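Below you'll find a set of structures to go through.
Both complexes below contain chain A, partnered by chain B and then by chain C.
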Partner chain A sequence: MRNPVVITGIGLVTPLRPFDGLQAFWEALCSGEDAIKRAPAPLLDTKKNWLMAGIDLSLRPPKDADPGNKLFVIAEAALSMALHNAGLRNATRPAPLTYSSLLNVGLVTGTVLGNVLLKESRLMDTGKGNPGDDNMESLSSLRSYLASKFELSGAGFTVSTACASGTDAVGIAARMIAAGKCDVMVAGGADVLSDFALLGFSVLQALTDDKVRPFDRKRTGLALGEGAAFVVLESLSHASARGAGIYGSVLGYASRADANHLTGPHREGRGLSEAMTAAISDAGLASADVGYINAHGTGTGYNDLMETKAIKNVFRKGAYEIPVSSTKSMLGHSFGAAGVIEAVCCLLAVRDGIIPPTINFTEKDPECDLDYVPNEARNHEIRTAMSLSAGFGGQNAALIVGKG
Partner chain B sequence: MKAVITGRCKLSSRDVEAALTRLAAGFRQVRFVHSLEKLTVAAAGLVLDSAGLRGPCGKSDIGIFIGIDNSIEDLKDQFFSAILDQGMLGASPMVFPFTSPNSLAARVSIVYDIRGESITIPINHSGADVIKYATDCIEGKYIKMAVAGLITMKHMALSAEEGRYEAEFYFLEDDKSARERNAVIYDCL
Partner chain C sequence: MSRLTITGIGSVTPIGIGKEELRQSLDEGASGLARIRKFPSPLKTPSGEIRDPGLDKNMAARFRRVAAVSKYALSAVDMAIKDRGLPFPGGNETALVMGLTHGALTYTEAFHGSLLREERGSASPLFFSDSVLNAPAGNVSICYGIRGPVHTLVGGPATSLKALMLSMRMANSGEVAGAIAVSSEELNELSFSCYSRLGMTAISEGAGAVFIEKDGPETTSRYCYLSGAASRCCPSDPAEALQGAIQQSLDEAGLTTRDIDAVMTDTLPQALTRFSNATPIVTLAHLTGSAFSVNAMWHIILASMSLQGGALPLSVIVAGRQTGDLRHIMVCASESDGVGAAVVLSKT
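The block that comes next holds the complex of A and B.
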């Protein structure tokens, strides 16, 4: 018997109203606000303005984090917001958890590139290679920093599973609670825009120079974004005992490998189909119980077609009845943060009965023929929602949340 | 249900060419971009051999759980240093995908057709989290078997051919499955 797992706190910093809190983010998202703009690369002069969704740090309230380290600043702000939102941290005090029994709260953090801006600066300054152990470029340095800062001394680790990192982080934390290994976990993800990623995705010809148009016939690629998002997960019994507010439940999760190609998805969505099927089984649901899908929806030709095929493969005729939307059309692709942000969108969609839209949708693709909630949010009462992530290496993850 | 170890392999990047000759012909013909990739694929092949499983597996009940230390930073440094040297033309589409740490697990999944859970965990010193999570997944019945292990940098001053990297992999499965297929059990977890 697995312990029911609920989410009691949410914190995020995204390119949409970055430091204005959860409700401002959600309202902007549901109004179809596009955070993707043209801007120069962070460090290198590439003589080009790139389409991307960046976070303006000048909008943040004064904080004590190093203003030069964007990754740590946004991750710390998001994590602080999540703990406060869950009632585990007093907003006026800097670090300690205020709930006295929480001496063993764990932290699972997803990131793909970690502190890549520090690496870029070092290589530009010194040109030297690998700095070795215990350096701040290490992928696990973000988790170490946050765990120390917020006194999260319980179990956990860093997950780096490409664009599924955030979804996997939440799923892994939920499993720990479900198995009775702990009562409270914090899980999330963070990544920042970098020259490294811009040039890497550019050379793979994955970036659009138009609008991001997921599932549209004229889609031409993705735009990179950045962000940080964390959720507080608790066993239902623990949350109930302390009278915590509950956003919803984590009902099911699964990870699957395509075993097909390093950068391209399996064309029929084999791995994603298997992840969805396994997550539905893990949740003890039937496919017809899923009321909304927040798609990976990058806006690339291959991803969106693959994802559509995978959804049809799992839901059969029912696929046409399920609203499927891509919030990356507004937020860009924030790597390790994306899966957590999208899981939050699912939770809020279930809570409020509103499905966020896929914006910039102008022309139907005959092969992408599902209901993509084009351009306008929709009122739609649902009890469960599924967030999908797919990434480099044929990495796939599905997470199902439901009403609390 | 208890998880047991039915395969094991420890391989230095110094010995990877010799190790590859021990794999089946189809796997020896795989092309590699980076020495870390070659080491990971070779070590995974040897641990599957050690467990008595000859790929391709074609199964979604086998997972891959890989812990990697700062050795992955070598690939990132290689990618970005080339950009600094040559400008945008230095950005290699061959190297960039390998800067994502899960690329090594992905290559194992592709070469041996392993379709189950795939989790990559950056580690600093201990790989205990990797083995523990893989064990939890087996005991929680999310998967039946797992290739689980670590890629670490042993000597920063050495090249890959001299032994810069090391892989230490295990094959884990539930004890019932191991007994049913008469596998050698090296240890219980």
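The block that comes next holds the complex of A and C.
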């Protein structure tokens, strides 16, 4: 990357302390708090309580209005928090923005299912469509809503690369700044729990009915989650000129495809290995410089083994020295939001020198033999961290962040 | 510095599969619009349907079951790769960027339907996996061994131009040797019904793909150069967004509106007032219908063919007239939520 890119604002709403702010989220995560609970499906009566990590909208501050559309509510809250956190928005006034150059700020949004709950409600109510439904059900409706709400008038788009959507959104936005196309971008991801996803992953036999145990010998699958997270990206020169606080830098990014299977990962982790190698090269680093890996770590048999093989393929003997943890063990898999949330975890790990744990880890898998930071957070000074994402379509993405 | 060049094109349209059929239909002014046949509908609204039953005959068996939106994309990409006339680099050397609006709506509806009918245990996993918006890109990546960046952008009519721009950025940076920008849509009973009731008179389906790479001594096929590109967002004033994108793309190309010999668009006439009244305004929509994000990609393909051939087909000029050589063509699109995008293509 050419122009150095820094992150100056973070906003997120996750199942862990959803509306309590960044620090409360981080402390809960590092204490190993598990947000995955049993609950019914959002709309259908499936006569079953599913293991999933949902956001309780009743926890929103009382002053906030009727929750309405859940996707839009959590995304708006997260984006508002990120802009405020970056000093780009007056906390007491929702609009207009207080920073004039926001008129040139672009927005890249990652999502897998978008406004899926609206579609499901409509199908259940009538089984038919109403004029105008298609626009609101479009994946890009979220980006349109947020761009309009926050008057973000720069270039932008909606990226949907399955579970790598959030990571790709941040990576592509960072590349735009690095290439000198713009000075400030907001990038993030959002998705909500839906019957479509629950039943879909159930049909694929990917859901666990036990705890989510990434990299554990007894792992039996993933739990779905939901969330929204955004970061404010700026060129270093722009951030310095306005005296912005800096969380850290985006040092490298790469996306690579398995070109192998639509739903299953390449068994040897070919695409993920290539994404990691390319991201390390993009950052101008050596593999030994990476101090922590936030794994995709879903808890499925195939993913965790593939990911372990990919890490060993890239880092060789050094793989055993790098802490690797899965925060999905606490948050579930929030699709398009996951990659951004995990990139934020990497930033905070670098800032605070704390590695969040992989919880529910009880028994080592002989084939998954890396240091997965089992059950307890660890103090560990690092300068760079890498977030990994993988998804349907053979998508793989790696994002490297470092001290600002 | 090497210029970005379009070296291969592929098109699946209601007026022909492939550039030869497309060109012939345009020369004849043939319309692809007719009453829908692929599903029963009481509506007589004309639509642009792909009616080639042999489209998937050469595809591997695994791809014959995929959604129509994927099949169209696979066909368009196949044509673009072959049209380039060189061995396909594939692997990490190639990127793929898909721009689409709706994706595999038919499979999505089928999966939802099976859930609602409480056939949850027997729902086809294919309907779920192929419903995901990046499935068409995934299928293309798998089919052609594309292992570089594979992205899917989702949005309205300007999305395929944004896909083209992201492809350009990756090819220009040297991250990959070449990039394929593709757009694809399928007609679906629900969206057909919704859009018909909204008064949108002719929706359609199909795909378009272009191969982009830096010009080099080994290049055998050159349609045109990509001279400038930009997108803007102005939620309160879509016309201003498009104006901004047009100006920024012209600046990048080092041109003014006087240098543009034709504008291809389905969009906001008020944003085009800066062009001379004589500048030809070109659209395919009255012949093909609107396939959402795909139309702008079809315009990119038409611009590429026209710049190479030196003339615009008369059947697509809806205003102005061609008076001289074609040197620069602008393709632009806008969306009602305030997105505008413009690309300048230039004669090689």
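The criterion applied here is as follows: the second predicted complex is superposed on the first by the 392 of 404 C-alpha atoms of A that agree within 3 Å, B and C clash if a C-alpha of one lies under 4 Å from a C-alpha of the other, contacts with A are read in each partner's own complex, and residues count from 1 in each chain.
Going forward, contacts are C-beta pairs under 8 Å (C-beta built on N, C-alpha and C of every residue); 3 or more make two chains touch, one makes a residue touch a chain.
None of these values were measured; they are calculated from a predicted model.
Chemist: What does the overlay on chain A give for chain B and chain C, a clash or a fit?
Modeler: clash
Chemist: Report for A:Leu199: first if it touches chain B alone, second if chain C alone, otherwise both or neither.
Modeler: both
Chemist: In the overlaid three-chain picture, which partner chain does A:His296 touch, first (chain B) or second (chain C), both, or neither?
Modeler: Neither partner.
Chemist: Mind working out whether A:Ala162 is in touch with chain B, chain C, both or neither, as first, second, both or neither?
Modeler: Touch status of A:Ala162: both partners.
Chemist: On the A-aligned overlay, A:Arg256 touches which partner chain: chain B = first, chain C = second, or both, or neither?
Modeler: both
Chemist: Look at A:Ala179 in the shared chain and tell me whether it touches chain B only, chain C only, both, or neither; answer first, second, both or neither.
Modeler: Both partners, chain B and chain C.
Chemist: If you stack the two complexes on chain A, which partner ends up touching A:Ser153: first (chain B), second (chain C), both, or neither?
Modeler: Only chain C is touched by A:Ser153; chain B is not.
Chemist: Just to be sure I follow: which residues of chain A are touched by chain B in one complex and then by chain C in the other one?
Modeler: Shared contact residues on chain A: 44, 46, 112, 114, 119-120, 123-124, 127, 129-134, 138-140, 144, 157-162, 168, 172, 175-176, 179, 181, 195-196, 199-200, 202-204, 254-263, 270-271, 274, 278, 391-395.
Chemist: How about chain C: which of its residues touch chain A in the complex?
Modeler: Of all residues in chain C, those touching chain A are 92, 96, 101-102, 111-112, 115-116, 120, 123-125, 128-135, 137-139, 141-142, 144-156, 159, 162, 166, 169, 173, 190-191, 193-195, 197-198, 230-236, 241, 337-339.
Chemist: Please output the residues of chain A touching chain B within their complex, sorted ascending.
Modeler: 44, 46, 112-114, 116, 119-120, 123-124, 127, 129-135, 137-140, 144, 157-162, 168, 172, 175-176, 179, 181, 195-196, 199-204, 254-263, 270-271, 274, 278, 282, 391-395
Chemist: State the interface residues of chain B toward chain A in the complex, per the touch definition above.
Modeler: Those residues of chain B that touch chain A are 60, 64, 69-74, 76-77, 79-81, 83-84, 88, 91-93, 96-103, 105-107, 109-110, 112-125, 129, 133, 136-137, 140, 142, 153, 156.
Chemist: Which of the residues in chain A end up touching chain C in this complex?
Modeler: My answer: residues 44, 46, 106-107, 112, 114, 119-120, 123-124, 127-134, 138-140, 143-144, 147-148, 151-162, 168, 172, 175-176, 179, 181, 195-196, 199-200, 202-204, 254-263, 270-271, 274, 278, 391-395.
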